[in-house]
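You will see chain A twice below: alongside chain B first, and alongside chain C after that.
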Partner chain A sequence: MGILFTRMLSSIFGNREARILVLGLDNAGKTTILYRLQMGEVVSTIPTIGFNVETVQYNNIKLQVWDLGGQTSIRPYWRCYFPNTQAIIYVVDSSDTDRLVIAKEEFHAILEEDELKGSVVLVYANKQDLPGALDDAAITEALELHKIKNRQWAIFKTSAIKGEGLFEGLDWLSNTLKSGGS
Partner chain B sequence: MFSLFYGLWKYMFSKIEFHVLILGVHKAGKTSLLEKLKSIYLHSEGLPPDRIVPTVGLNIGRVEASNAKLVFWDLGGQIGLRTIWEKYYEEAHAIVFVIDASCPSSFEDSKSALEKVLRNDDLRGAPLLILANKQDLPEAVSSEELARYLDLKELGERLYLFEAVSAYDGMGIKYAIEWLVDAMERSKRTEILRIRARAGEAANI
Partner chain C sequence: MSGHDSKYFSTTKKGEIPELKEELNSQYKDKKKDAVKKVIAAMTVGKDVSSLFTDVVNCMQTENLELKKLVYLYLINYAKSNPDLAILAVNTFVKDSQDPNPLIRALAVRTMGCIRVDKITEYLCDPLQRCLKDDDPYVRKTAAICVAKLYDINAELVEDRGFLDTLKDLISDNNPMVVANAVAALAEIQETSARPIFEITSQTLSKLLTALNECTEWGQVFILDALSTYKAADALEAENIVERVTPRLQHANCAVVLSAVKMILQQMELITSTDVVRNLCKKMAPPLVTLLSAEPELQYVALRNISLIVQKRPTILAHEIKVFFCKYNDPIYVKMEKLEIMIKLASDRNIDQVLLEFKEYATEVDVDFVRKAVRAIGRCAIKLERAAERCISVLLELIKVKVNYVVQEAIIVIKDIFRRYPNTYESIIATLCESLDTLDEPEAKASMIWIIGEYAERIDNADELLESFLESFPEEQAMVQLQLLTATVKLFLKKPTEGPQQMIQVVLNNATLETDNPDLRDRAYIYWRLLSTDPEAAKDVVLAEKPVISDDSNSLEPSLLDELLGNIATLSSVYHKLPEAFVSRAKLTFARPDDEEYPAAVETGNSESPSYEVDGAAATSSQSFTSHETARQPVPVAAAPTPSSAPASPPAPVPDLLGDLLGLDNALVPVDQPIAPSGPPLPVLLPSTTGQGLQISAQLVRRDGQVFYNLLLENNSQVVLDGFMIQFNKNTFGLAAAGPLQVQPLLPQDSARTLLPMVIFQNLSTGPPSTLLQVAVKNNQQPVWYFNDKISLHVFFSEDGRMERANFLETWKSLPDSNEVAKDLSSAIIHSIDSTVENLAATNVFFVAKRRNANKDILYMSAKGPRGIPFLIELTASVGAPGVKCAVKTPSLEMAPLLFDAMEALLK
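The block that comes next holds the complex of A and B.
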């Protein structure tokens, strides 16, 4: 299934360099998702400036992951990873209701970035396997997704541990990118 | 100084962008309609209907039709997601309400969803295009029959049109969109939204 998705993506992007950022607060489940997708070897790098970026490369498509939130001093370096980003996958721990406000603020802050204005947004309401996890409608409300009016977005309930919902979301993503994004 | 003239030039000559909301209950064919609009007006391929998955969010289509710029917002129709619709009302110039004309069991839900839309103050005066979709199917009812069934009481002075279309083969769509653009150009709501947008821009300067 992972292979299928990567084939789908490469047929969309052709030979163009493409980037998909997988972002979210720490402990949202981003790395688990990367492993679930089985797209290739996950390489973890900790540059000297001290923020940890995980990368999966498949042909010309790079999936890159890091934690939002925390240290503001390193944030300018995030911009190195913005050019050519077609999509953002935003991962939320749906059971961590205490930090949903921070998740919302970080989310909207990153969407403000000029170089990310053209990218489509896929939200994973993750950890649906945990008791007390909010559903997609509640996460939509909490993240104020309706404030997004100039780009396409979608939300999917996922459980990275069980592998549920991930591919439905990626289906949407590849269809959306194929039909021309926003 | 330049920016002043530029602003004036923009004020006088730029085409305004119309925001059109595509609403309707689950499986009415909203995203198929959007894809068909893209393929008609952008001459792009558009997604074939069998590749379209239920929308749980927002799809956007930007097209130019009848010499106007249109931005279509297609929102998911599942019951839990309809609360999102309201958040887009204030900025919408018009509503396209899509109904699966081949599925009479969905009419009741469509009627109550549409009546709720029409009661909302944030959509006051917005032109309404009601599409009796899926005319490619033999069991589809006509737009007149659908209108009779819906028996809408709250239309008031709103500009509205019932039209039979097929998002599958494109039947009726061009005519419906021409009507919609004309209705938005004539609507008082367009003027009100324009003034509000200008006030917003001025506040930002």
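The block that comes next holds the complex of A and C.
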């Protein structure tokens, strides 16, 4: 029903910005992905203490993308950004196998949030360019994505450095948001 | 309906905050900006909008400079109340500090410095580092100040990151504003740091002097202030520096002028050439005079600073005294300061002019100003010997006007003039005496009395005059009483006739017996002793020649003056106090109590003896009241009776006084009081018949929360008894002596009383509770004596045994009924409820509630026994009739019999 409401609104207000959160553990590549999407180039980043917000125009849909810092100390403040969010991009460092468990726990904690009940989930299995990176199937397994019920989700293999897979994911996201199905 | 529909319910009723919240999250930029403006407006009028913190911070990343500035403003205000969330702003600061627009970079770094949240300072170091090396001078100068702010929050971090060195590098910056701000930041850091951080070298000196000519006025103030701390190597360098700085004296900004004056004064210390110094003094005069044409508030600041400058170098303004003449429309605070400076500048050359001014001021309407003017005349008389006579004639003219407060003030200063020029102007005493009746202020009265006493031999009717004051002796202020006492003694010594003899009797009697003022009493006792032991010595002491005074009032100690001069153009030079005295840095406040409170005075002073003020004033200024000359002389009396023993041992009554004065032994020697407490006689436990002449009476008592064994030992034998020791057998409460028994050797027919501190739970006996206390006492001469004492439970009742009614009821209910026992105390009696309650409270049995039932009064009391055992007591009795029913409820029932015993004893 939430999405129905969104669709109603968009029909009234026209071209409305979709609010998207980019979440994930620290050093997963969130900021790099944001600027790759926005500017199409790789920028050097430092750990994000706080947030970045940029507007990305893609496939006739305007995305307001919020990249939130992934450090342990900042994760508690993610919830401040949850309201009115249409989609979550969850970024996982596929080569950081040690911390996949933590990534899974954080991920499922987010899915439990009431305020994010209506948002769709896009998972980026990032850093595919690194040796030893797990593929999308393995990440799906590790994050227990199959447990997700009642919402649309997808996983894509990406490499932010090389620019691979990001826009495929965004295609899926924009289509899903346009069709407004949950 | 699915779960998330609940939001529709929670948002049906919106307040201002949720409305703002929604607008802040709007995707339309205008709406967002309006919302932030509304938030700032609410913040400005004092509404708490801190709950919108994250929503406002989320608006921070924007291209719109106006919106960004507003968000920054919000952050500065609320970051401290949301220290955890403040971290969310860090990334934006980092980004903004790299913005292509230098204004945004500077804005970011300035805001970072203002946020003052320790948690995020670490993240802000990198951007700060970048900004300190920025290409744009505006960013660099802003970053320099930010370092000082950061140092205040986290000094260690600043030092670790090497910011101090970067700041020092900035002194060599090619932009003068950057140099000025770097200097300001370093100077501020230096103020809070104990070790030297910022020292000007000859290299930096030239850079600072160059920057001085180019930077803004406030930058000039920073640089001048820093330069004034620079110690030039030699006179030549000092001269060079001063030469470069002199043009600043012409600046339109008062702060620049004062800072330049400060700097020049500091460097002048080193300059030896008198010509150069004279020249500089000449140059400094016009700018200082110009300061006095500003608004009154600025004038006041200038005057306070000039007051310091004049004390150090009077020559600067010696010829400018006319600018300090008061205008009729000057505010009073300006007039007062001008008057002070006029006194300082008065000289033989200009005294006629000055006196004319003062005389005119003395006819104005403002009483305080008039008084100060009169006093100023007196101070000029003291300061300028050759002008003294003219001053006195002006004063006499003023006295003739017969305006009450003028006359009184004149008498006060004339007293000082007499002390300055002894045996010169006493001819005017007759004139003074004419206005005797008009005196109603203590200081004037005291001054007049001093004059009468001091010149008693020249005033024919001195005794009559003094007698007229004596009538009101008990009502007078302490300073008047002290003077009356001294003056009467002087009179008596100078004219030992019958009249003064009677007067001195009355005065000494009043001053010793009728007063609470220890100063007065002590002085009276000293005189009394002096007079009664050796009247000649008394003459030497009381009539000794007094040192001549000089006018040092309102002048500062040279070292203090120098320090204050170093602080010219700051609040310190306006207050004439060192910065440490009123600036309390948060770090220092806990170590040093506020100076305003004068903790020492609280300790030594006494609120009922205002003479301490006189004392203090006399110490710093000999011009002020000279009432203590006797006290300052060496007193040939070994020891005056201490104030504490004096009331306990009153001197002989008045009729015997003259006998006393003739040298008879008097009753002033303090009598040793027995230290042991008095009270009802103790029960005799060891009669002297069984103790071979030693009789011991003893009882357990409770004092100040501790149990003592109150012992009285009486020696009725024929030998000296010594080496007393005491031992207690095991007992129910484990009572034992906390220390050895301290009794001095007992002479025959002598007795000793002592309070032996006791401890409990030391040597516990087993078995059912018993009140038996077995005591053994021995001494070196006799066999060991054993006797039994009875422990009364109430000595263990602790002071914190009071229970609130609710607590009492709760405890009562929590105990099973089986824990309640009752007993009729046949010999107990309640004479009146109030007195019983009071008596019981004294032994820590506390009243909880009372009620009446069938002609009987029922009292509920609580007590707390050893080990914190509560006793809930119910007393039922008819008032006045013997027999009290005592019921008690307690967790340790075995104590109940002991409680009954104790209650019976307490209610007898």
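In this section, the second predicted complex is superposed on the first by the 124 of 182 C-alpha atoms of A that agree within 3 Å, B and C clash if a C-alpha of one lies under 4 Å from a C-alpha of the other, contacts with A are read in each partner's own complex, and residues count from 1 in each chain.
Keep in mind that, in the parts below, contacts are C-beta pairs under 8 Å (C-beta built on N, C-alpha and C of every residue); 3 or more make two chains touch, one makes a residue touch a chain.
In this text the structure is predicted, and so the values were computed from the model without any measurement.
Asks: Looking at A:96, would you say it contacts chain B, chain C, both, or neither? Reply first, second, both or neither.
Replies: In the superposition, A:96 contacts neither chain B nor chain C.
Asks: What is the contact status of A:140 with respect to chain B (first) and chain C (second): first, second, both, or neither?
Replies: After superposing on A, A:140 lies in contact with chain B but is clear of chain C.
Asks: First (chain B), second (chain C), both or neither: which does A:51 touch?
Replies: In the superposition, A:51 touches chain C alone.
Asks: Once the structures are superposed on A, label A:172 by its partner contacts, choosing first (chain B), second (chain C), both or neither.
Replies: In the superposition, A:172 contacts chain B only.
Asks: Between chain B and chain C, whom does A:106 touch in the aligned arrangement: first, second, both, or neither?
Replies: Neither partner.
Asks: In the superposed arrangement, which partner chain does A:155 touch: chain B (first), chain C (second), both, or neither?
Replies: first
Asks: Identify the partner contact of A:64: answer first if only chain B is touched, second if only chain C is, both if each is, neither if none is.
Replies: The answer is second: A:64 touches chain C but not chain B.
Asks: Which parts of chain A are in contact with chain B and also with chain C?
Replies: none
Asks: Mind listing the chain C positions that touch chain A in their complex?
Replies: By the definition above, chain C touches chain A via 1-5, 25, 27, 54, 58, 61, 84-85, 87-92, 94-95, 120, 123, 126.
Asks: Once bound in the complex, which stretches of chain A touch chain C?
Replies: Result: residues 1-2, 16-17, 46, 48-53, 64, 69, 73-74, 77, 80-81, 83-84, 114, 117-118 of chain A touch chain C.
Asks: If you look only at chain B, which of its residues touch chain A in the complex?
Replies: For this pair, the touching residues of chain B are 35, 38, 42, 44-47, 51-53, 55-60, 62, 73, 80-81, 83-84, 87-88, 91.
Asks: Name, in rising order, each residue of chain A that touches chain B in their complex.
Replies: Listed in rising order, the residues of chain A that touch chain B are 123, 135-137, 140-141, 145-156, 168, 171-172, 175-176, 178-180, 182.
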